[in-house]
Each structure stands twice: as structure tokens, then as C-alpha cells.
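Here come two complexes built around chain A, the first alongside chain B, the second alongside chain C.
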Partner chain A sequence: MISVPLFSVRDLHVWFELPDGRELHAVNGVSFDLHAGEVLGLVGESGCGKTTTILATMGLLPSSADVAGEIRINGEEILHGGEASVRPHRWRDIAMVFQGAMNCFSPVRTVGSQIVEPMKLHGIAKGAEARRRAGELLEMVGIPAASADRFPHEFSGGMRQRAAIAMALACEPKILLADEPTTGLDVMVQAQILELLASLADTLGLAVVLVTHDLPVVAEACSRAAVMYAGRIAELGSVDDLYHDSHHPYTRLLFAATPDLLGDDRVVSIPGSPPRLDREIVGCPFRERCDSAVAECATEEPALHLVGSSHVAACHLNDLIENVRQ
Partner chain B sequence: MNTRTLDYVLKRIGFSIMTVFVVLTFNFVLFRALPGSAVTDLSRVPNSTPALREALARQFGLADSKWQQYFIYLKQLLHGNLGVSYINGLPVWHNLTTDLSNTIPMVGLGTLLAIVFGIWSGVTSAWRWHRPADYLLTNTAIAFYSFPTQWLGLMLVMIFGRYLPTTGMNDPFAVGGSAWSHALDTFRHMILPAVAVALTLYGQYTLVVRSAVLEVLGEDFVLTARAKGIPARTILRRYVLRNALLPIVTLIALSIGYVVGGALLVETVFTWPGIGLAVYQSVLSRDYPMLQGAFLILTLSVVMLNLVADLLSLKLDPRVAE
Partner chain C sequence: MNDVNEELKVRETTTQSDPGAASIAEDVQVTPRPPVLEVKDLTTYYPINRGLAGRLLGHEAKTVHAVDGVSLRVDAGEFVALVGESGCGKTSTVMTILGATKATSGSVRVKGEEIVGRTPREMLSVYRHLQMIYQDPYGSLDPRFRVSDTVEEPLLVHGVGATKQERRSLVLAALESAGLSPADLYIDRFPHELSGGQRQRVAIATALILEPSLLLADEPVSMLDVSVRASVLNLLDELRRTRDMAIVMVTHDLSTAGHFADRIVVMYLGRIVEEGPAKEVLANPQHPYTKALISVVPKPDPRDRSTPQTLSGETPNPVDIPAGCRFHPRCPIAREECAKSDPRLRLSVKVRIESHRVACHLA
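Presenting the complex of A and B:
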């Protein structure tokens, strides 16, 4: 595609300064583009940097984090100007459903008033009009509009999570970052929400980054997905390619470890565990768990290379195969 | 008010009444359960006869059965009769209300100062977490928290004694003069003890406010509020303070309850004629009726403010009634 992507992340790095003075390189050179109406999955084991990546794109990391890289919305860089340059974009252009979205409402104010708040703030709507919209949004996620006047603790966990999605849509954002929006919900509700996100992407042209552990969810809701490992993108491509034509052993093992059926079995059973991120990693970060590592893997970190049309992977094997072929 | 809220309010009030009743009973038992009575010792007085002892016992109502004494005690309490002070022969109730009316403005001023500065420095240090302002304010608070009250009082006397009065409530030699100059004189006398009260509470308030605010700052809804693009100051006010208020209000209400009866050290250092000083002097002169009355006031103030804290938290947090 030649057009400027709606949302573009370039060479994003995040370092956390640890209390003892050392640094933890949580996100290491992540880049991806997102177009209107597209749902991009972001998958990987716990601790691989998914949440950190999306928090960084909104400038929401704590002050102990050092961030480098570019975040562009419609070509406009938003992070470099600091808080002042991101704030107007927050919720207006780019909204988020947080991991643990159940707790994203202040317990002492009604759910409705918290949905209305950003509308007023960003000049979308106010007064009765804003309240009407809040009611509509709640209806859209399957909550009666009248519940807007109730307090968060009067909602069930699943309702709060759905209300969080309604709140994220309050200002008609162009981009929605959803961090495990369906974790902890029962399968029926989960399916409804994924359907909702997909239809929003379809009808409103909403661009969605869907963070999840759950590969069946990716298969169901996403067109493309990025597989993250140790703060890096290991492979990025269409969901079809990742399932049937993966070019990274991690992707292959990850997808093989998950049954294709919709089930609660999202335990990734690749032996071993990811490397620690608070030390420098030499070579390929996956080599110790890899079933097909070669000599080069121990010394040189593989770079992301194109392995198909809009399909990239970071693995020495691909380069070797390419060399052999030539 | 829905039924659940009403239920909660009635329960809290019922519980408070129960507590007061239990303490009253305890107060009664404490002084009567001890072996012997006020007239026992008379047996050692030369020339005392069993007949005299009996007469005295009847006069003080000690000849009745314990149960009868108990009901008389409750009945008299209901009529506001706490007995007569051994020291000045005035009704205990009269003494205590005078003392209380001296204590309340002084402790009130001190608590108000502590609340204002404690909340300010607690919020500031939480907001500037792990930065110089935080270290400075937190360490100051810990220092004031750990200084003994009487030591703080004496320091104030030493440092400011030259500028401000340090004993009593009024200048005994300033006779005549208008009501206004009298009030001003009282206020000048009030400053140092009030500051002493403020300093003893300040450390605790700062630390509690700081930890309450820090806890709320880590909540997901604060991050969400930032993501919504709400300016930092508004988040602090609308989300952080509003949610941190609950523990803060509870703490303050409870601590006022104790301070009313417990400004003993401050009042003793500054000879402020309040209820704390009265307790101190009553202990020295074994003035049991006064002590019993003072305990009653202390109990009532703690229980009342507990109730106030409960009702306020109902107002502040919709989850409380659940």
C-alpha cells in the first residue's frame, strides 16, 4: 500500500530503570503499521512486552521508563513533543481498553459520567446529548442505557469490561488499542465482544490492535498478527501465513502448542522460559528454546527480513535457506 | 436513601449505643469490683465502730445490693448526674463541661492546622514520589511522628516562650479590659498548645495521606483517566483525591475522637485548663468521680466520631452500604 498508514510505530524502544539502577530493555525495536479497518493481533508469552508497547504508543508509561522511536498518526509524530503533544490525541484519535479493564472506572462516580467525561473534554458532545450518546454506546455493548446512572460496583465484571469498551469508543477514535479485552469473560461474551470489535473495524473503519495470549482469538478476529518475543517482533504477517507458512520456529511452536479449537487451553507449552530482559542478550533471544538453532544463532541477533508479501520474520534459518536457494 | 443505606445507618447507630452502654457498665464494674469500698478503710481509723461504718455505707448508697447500685448509677447518668468532685465539691458534670469547652477550641485549632498541612504535604510527597520533595516531606513527617509530645511541647516553650504565653488560658494580671482584648489574650495563649497538638498529628496525617494517595495513583482508573487525555491537575482532584478521601476522613475523625480526651500531655505542659489537665490532676488527687466522668466523655467522643466517620464514608463511597 502506498498510502500513509493511519497508525505507524517505528523502531520503538522502552527501557525501564530498575530500583537498583540497572535497566530492563522491555521493548526492543518494535515497528508496525496499521490501516483503517484493520485488526492487528499482538501475541506472545507473558512478559514479552505487549502491554509496554501499547502503553508507550500513548505516552502512558511511568516516569521510570525511557522511550525512543516514532509514533505517527496519519503521518504526524505525536510522542516527541511530550505530554502536551500526545494529550490532544488521547481518546480523540487513539483510545485504549486496558488489561484489567474491570478496574478502569473510578468506584465513586457513575459509569455514565465517566463515559461522558472525555466527550466533554474533547468537545465531542455535552449535556443531554453526551448522556444520550453514552447510553447508545452502552446499548451497543449490550448494557441497558439506564445503567449509565449506576456505580461500577453494581456491574458484574463482564459488564464493566464491556462498559470499558463503550467508554473507549466515546470520542469515535480512529485507533483502538485493546489489551486482552476478553480475558476473564465467558466464551459467549468473549465471542460477542470480538464480533463487536470486528464489526466496528468493518463499519467505522476503526483500526484495532488486539493484544492477546489467546491464539484462537487471533485466528477469529485478526487479519494480521505480530508475534513478540523478548521485547522484539519475531514474525509479522497475515494470520494465514502465521498458521500455515510460519518462518520462525517460535511462531511454529507457539501455534502448534495451541489447539485449533476454541478452548480455555491457552497454556503455551514450549519448554524453557524467555530470557531475562535486564541483561544484554547476545545472539538470537530464542535460541535456547529453539529446536533448530544453528551456530550463528549464538553470536548474531537475527534481523527482520521480508519472507513473503508483507510477511517478515527474524530468524537466521530464513537467510540460510535464501542463500542455499541462490 | 434506599433501604440498604437506612439499614446501614441504623446498624451503626445501634452499635454506637451498645458500645457506650458496655463502657458505662465497665466503668461501673471497674470501680466496684475491686475488693473493699470507700468505707472499708474506715475500720482502721481509731474510734470507728461498725455502726459508723454502716451509717456511712448507707449514706453513700453502698449498703444496697450491687444490682441496685448499678441501676441507680444508670438512672443518675441519664439525668446527667456524675457525682461531685472530691477536689472542689462542684458537680462533676459542671467541671467537665467547663474543661471540655476549653479543650475543644484549642484541640480544634491544632487539628485543623494538622489537617491542612498534613493533607498538603501528604499529597505533595505522593505526587513527587521518590523525588527530593518526597524525601524531605516524608522524613520530616517521620521525625514529628516519633518525637514525644511533651518534648515537642517543651521545645516550643523554649523557642517561642519569649514571644508567646506558655501557661494557662489567660493572663491572670490582665483584669478589666474589653471582651475583645480578653478573647485576643485567650487566642495568644492558645497558639503554642494548638501548634503542639498540630505537630503531633502532622506526621501521622502526612504519612497516612501519602500512602492513601500513592495507593490510588497506582489504580487502573488513574491510568485510564490519563489515557482519556484529562489534565494532570484534574486527575489529581477528580480521581486521586476523591478516592483517597475515604481513608483520610476515617483517620481524621478517629484521631479527633482520641485527641479530645487525650490532649493530656499538651495540656499538662502548657497548663491549659482542659479535660486532659483535669484527668491529670484527678489522678494525682484520686478524684474518682471526676475520672469516671472524664472516661465517659472520652468514650462518648471516640464513639461519636467513629459514628461520624462511618456516616461520612457512606456519603463518600457508594460501596460502603453494600
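Presenting the complex of A and C:
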């Protein structure tokens, strides 16, 4: 039996209109599925489209953005109806912890009163009931319920990040999008937050999308991950496949640029920078930085092909190797 | 229990066979070259503002013990990493060495010259040997300055280069050695025309143009993309090798420290709790805090899974420092003695490398 995925993104495109009338193709055909209790990583360099992708699924992009594709929650398409069809799902089914959310609490109101706010707004609970739930949510993320009456400045950075997660969970969403939730936190606190996300996915059956630029964080916290480049998915597979059996030079080079704690391998950076997305890209977008490009890469853009069970990659080399085998 | 007895026995026997081990390690080693940086018993306390009301009500004057008795020696060409959680005092240590923060007591010698107690004007001559790069290349460069103006500034301050042409050729050379090549392409640009990695290279060129003997770096790559981090770190590594420049880098990333530094210094609440050769500290950590820090570093290989020993809570407030060993309230193996006496930084009985020292009663 094939179950309908809880969260499904199909062929998502986002274009931003620039002031001079040109268009910037920020997200280019991104697709992924997510089941309950799963943690998927979206990883890549700045500007690769990972944050734009998740903002698009929440319908939170500015009006200068054009979005195309399909976004399904439990099989129901929410993108085509515009704001009217996204709105009922936002926060109630799909919620987000924004980058730097821990620094976005109002300093003059208690943390509890700010967690209550989305519940009131969405008619989930109010008054004493809402306050009780706020306490429960805080307990769930590992903060004593009594802290609800304290102000953000009385919380440490790690506690504020936990409170931001509690706030995102206020309306009992099924899908949680977390944008760089550990950036700016210490290694010790980072480990605690990653542990928390994993346990929330496990106990609540929450589907989590973790956006990060940090490959080791993905390896630690996710079961599967999509490596993004120039608005596209370059490779998607289990974290084990990505590390031990990568089928895209970009994934391999990203790992080579990441120092390993006790490894002796030389850490090598990837030369050059990602292509501009406001111009048409001919061929493979990674070609100019790739260490194994072939003639074909300059003319034809590689499509995502299956390279293992639930493992896809967009690289001509895979097809060449396949041809040689046959 | 057996373990404990055995450990004590080991300690006894080593003390008998080699009674002077601990004191030898603490003696200054005699080397032909004087150290580039020598810090002794450095303390930096920040007073907490009680406010007028607090003063009138006679509230106790409190201080933050940001750096609390740090001693450090860095030789020419050495790459030292200061690691620890936020609030452990690593940045305060570096800022005190730089003279940007006033030391409360202790001594900092740069190339033999004492700098504690100097006025900013008296510090000027020191900055020919001592330069700093900051964490945020977006904030550390003046957006109205062209690259040439930023990189040239130290030359003007120190009166190096008589003519404009001479200074420009020095700027070009500095940019080239910082990896911005060809330098002609970058020299007349503004910061907003550069990527994060390129900006950090401009900051490095500015720090290098006076050919300092000591470079301080506060999280120099944490704001950069993974793909360019390695190139900036490889550049620093190459520069210290070719120019014999010493580097003290503050980082919270142990993997980076292990790859690029010769020596790792682990700090906790203003103190050094462990120091030694980088690979040795990571492969054979002795302090329970170092062990916990290493266990929570995410590993890129999903099969390489060890149980992270997450410590509860965060670094305590450096205003109220716990009595005894300052780590004991969070320590998974603390014993009674740990709450009473403060362990000194000394040679561990379990490792025999003279430069690997630890401040723990149980190591």
C-alpha cells in the first residue's frame, strides 16, 4: 500500500520580479515528499533557494514573487487557490520557526502571553485554557511551565529558541518548517535543540523540514536530505547515501569542504561562486565549479534521475556511467 | 569503585616515580626564541552598573569575571585555537590582549613588551606587530571606503610608504597575498560589490599589510558559506607558515580548530580548563567539559554516531562563579572534593605529553 505523503511539494518554481523588469528564477522545479515523523534536511549555500522554498510553501513570499507548482497537505492542493486556500492551513497544519526567531520576541511582554497569541488568533483556545496550553507547550520543549510568566530577557538564547519552537507548535501543526534553527547557538545548545526536534518528530508524528547550510547538522538530525544548488535540487537521498554514495560532484565537494573532527583529510573549498539566477543558465548550473564536467554539461541541463532506491541526482556523469555499464 | 581505586593507585605511583612531573610542566620552557605572546594570570572583570537606586540602597557592587586567571604562551608561527561555549571568556581574552578591553590585573607581553596599563596612544606602536580580524566581514568594513582606502589605512596611521604610488603597490601586494587575485580587479571596489568571502579577505589584507607577528581572529569564518570557509582558513594557515606569523583564533567549532590549529585551548567561565596539541586534545580529552564538547560536535558521517553527552543548562552566570571547581555543578563525574577546592591547570596523570595540561581533580 502506498500511503499519501503528509506533505508533498511538486515542481515548485519561484520567480522574483526585479525593479528593472527582469526576473530572477530563485526556485526551479523543486519536488519532495515528507511523511509523518520524518525529518528532511534542505541544505546548500546562501542563495540556493532553500529558504525561498519553505516560505513559498507557507504562502509567505512578497507580492513581487510568482509561484508555480503544487503543494499538497494530506493530498489537498493548497497553492492554486492563492491566499484563500493557504490561509486555513497556515499555522494550523504547517508552521515555521523563522531564522533568528529567538531574537524576535517582544521584550515588553511575557513569553507566555506571546505563545497564547496565535491560539487566540486562530480560535484554538483563549483565556485560562490558552494559558494552560502555553504552559504545556513550554513543558513539551523542556522549559518549566511557570516560566510562561517571565520576560524574554530572563531566558537564555537556547531557552528562547525552545520557546520559539513552542510558539510554532501552538496550533498543533502537522508540519514544522525550521529555518536555520541552530545558527548562532553554541554547540552544546545546538545539540539540545536538534535532540528536541528529533523527539518532537518522534512523539508528535510531526513532519519536520530542517533548513541549514551545515552538512554535519543534517547528518545528525535528518533521515533524508535534499542538496540544493542554484534553486534546484542537485541530489536527494538518505543522509547515509549522500555521505557514502554521493552521485553529484557538488555533494561530494561540499563534504570535502567540511572539516571532520578527527579526520586528516585536507579541507578544500569549492572555487568560484554560484551562478546568477537573473540570467538564463545554459547546461548544468554547477559546471563552472565542477571538477569533473564533461562536454555535455555545457549544453544540456541534467535532470534528476533515480540512482538508487529513493535516491535521485541531477548529473550527466551518472547517465554516462550507466551507459557504459549497459 | 574499582575504577576509582585503580585511578588513585595510578596517581600515587606516578607521583612516586616522577614527583616533579607537574611542576616541570609549569616551568617556562627554555627556547631560543622569545614567545610572540605571553599572557600571565590575566584577569578582566567588568563592573555591573547598579544604577543610582542600587547605589543609594547600598546594593553590593558586582563584577562579571570574564577572564579569571588565564596564562598563555604563543610562539612565532604557531596557530592556537581558543574554544568554548559563549560566555566562556574566549573573546574577552582576545579583546584584552588587543587592548580594546582593559585588563584588571596580570600581564600581556607582545614580543616582550608589556601592554597592560598602556594608553591607546601608547598602544599604537604595538599594533605594528599585533592585528585583528573580526567575525562579521559585513560589519567590519566601512561601506563608504573603497577596498584601497580600507587596506591603505594602517599604512597612513603608521606612516609607512612615503608616496601614494608606494602605498598603492603595498596594497596591491597585500590583496594578492590575501588571495584577491588579480588585485587590480578588486582594489577600487566598494564592500557591497564583494561576496562575504572576498570581504573577509579584504579584512585579512588590511591586517596583514603591516606584516604583524601576531594575528588575532575572532570566529573569522563563522559568517561565511561552507564552500569558502576552507579557503579562508587555508589562507591563514599558509600565511603563518610562510611569514612565521602567530595566530590566535577564537572559535566554537572544534572540527575547524582540530584541522587548522597546532594547539587547542579550552576555556570555561573565564579559565583554561584544558590545553594541548590539537589532535591530542581531540583524540584524548581529559577534562569532562572537553569530553562533553567533543561529543556534541555533529559528524558528517551518519554512521559515525556516538551518544552526545549534552550538559544540562548553559554556562552559568560569570557573576556568581561556583565555589571549588567552576564546572562541578554541570559535571557528570563531580565528587565531593570538586565543590571544595579549585583545581589548578597541571599535567594530567593519564597523559604523558608535557604540553597537554588539564584543570580537573579527577584527570
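Basically, the second predicted complex is superposed on the first by the 291 of 326 C-alpha atoms of A that agree within 3 Å, B and C clash if a C-alpha of one lies under 4 Å from a C-alpha of the other, contacts with A are read in each partner's own complex, and residues count from 1 in each chain.
The definition used in the following text is that a contact is a pair of C-beta atoms (placed from the backbone, for glycine too) under 8 Å apart; a residue touches a chain by one contact, two chains touch by 3 or more.
Small disclaimer: the values here were computed from a predicted structure and weren't measured.
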Chain B versus chain C as contact partner of A:303, first or second or both or neither: neither
Touched partner set for A:243, first chain B, second chain C, both or neither: second
Greater residue coverage of chain A in the superposed arrangement, chain B or chain C: C
Which superposed partner A:320 touches (first chain B, second chain C, both, neither): neither
Contacts of A:269 with chain B and chain C, given as first, second, both or neither: second
Touching partner for A:213 - first (chain B), second (chain C), both, neither: second
Which of chain B and chain C A:146 touches, first, second, both or neither: neither
Which superposed partner A:88 touches (first chain B, second chain C, both, neither): first
Touching partner for A:105 - first (chain B), second (chain C), both, neither: first
Partner chain(s) touched by A:4 [first = chain B, second = chain C, both, neither]: neither
In the complex with chain B, residue positions of chain A that touch it: 58, 60, 83, 87-92, 95-96, 98, 100-101, 103-109, 117-118, 121-122, 151, 153, 164, 167
Contact set on chain B toward chain A in their complex: 219-221, 223-232, 239, 242-243, 316-319, 322
Residues of chain C touching chain A in the complex: 85-86, 195-196, 225-234, 252-256, 258-260, 279, 282-283, 292-294, 296-303, 308, 310-311, 314
Of chain A, residues touching chain C in the complex: 45-46, 156-158, 186-192, 194-195, 213-217, 219-221, 239-240, 243-244, 253-255, 257-263, 267-271, 273
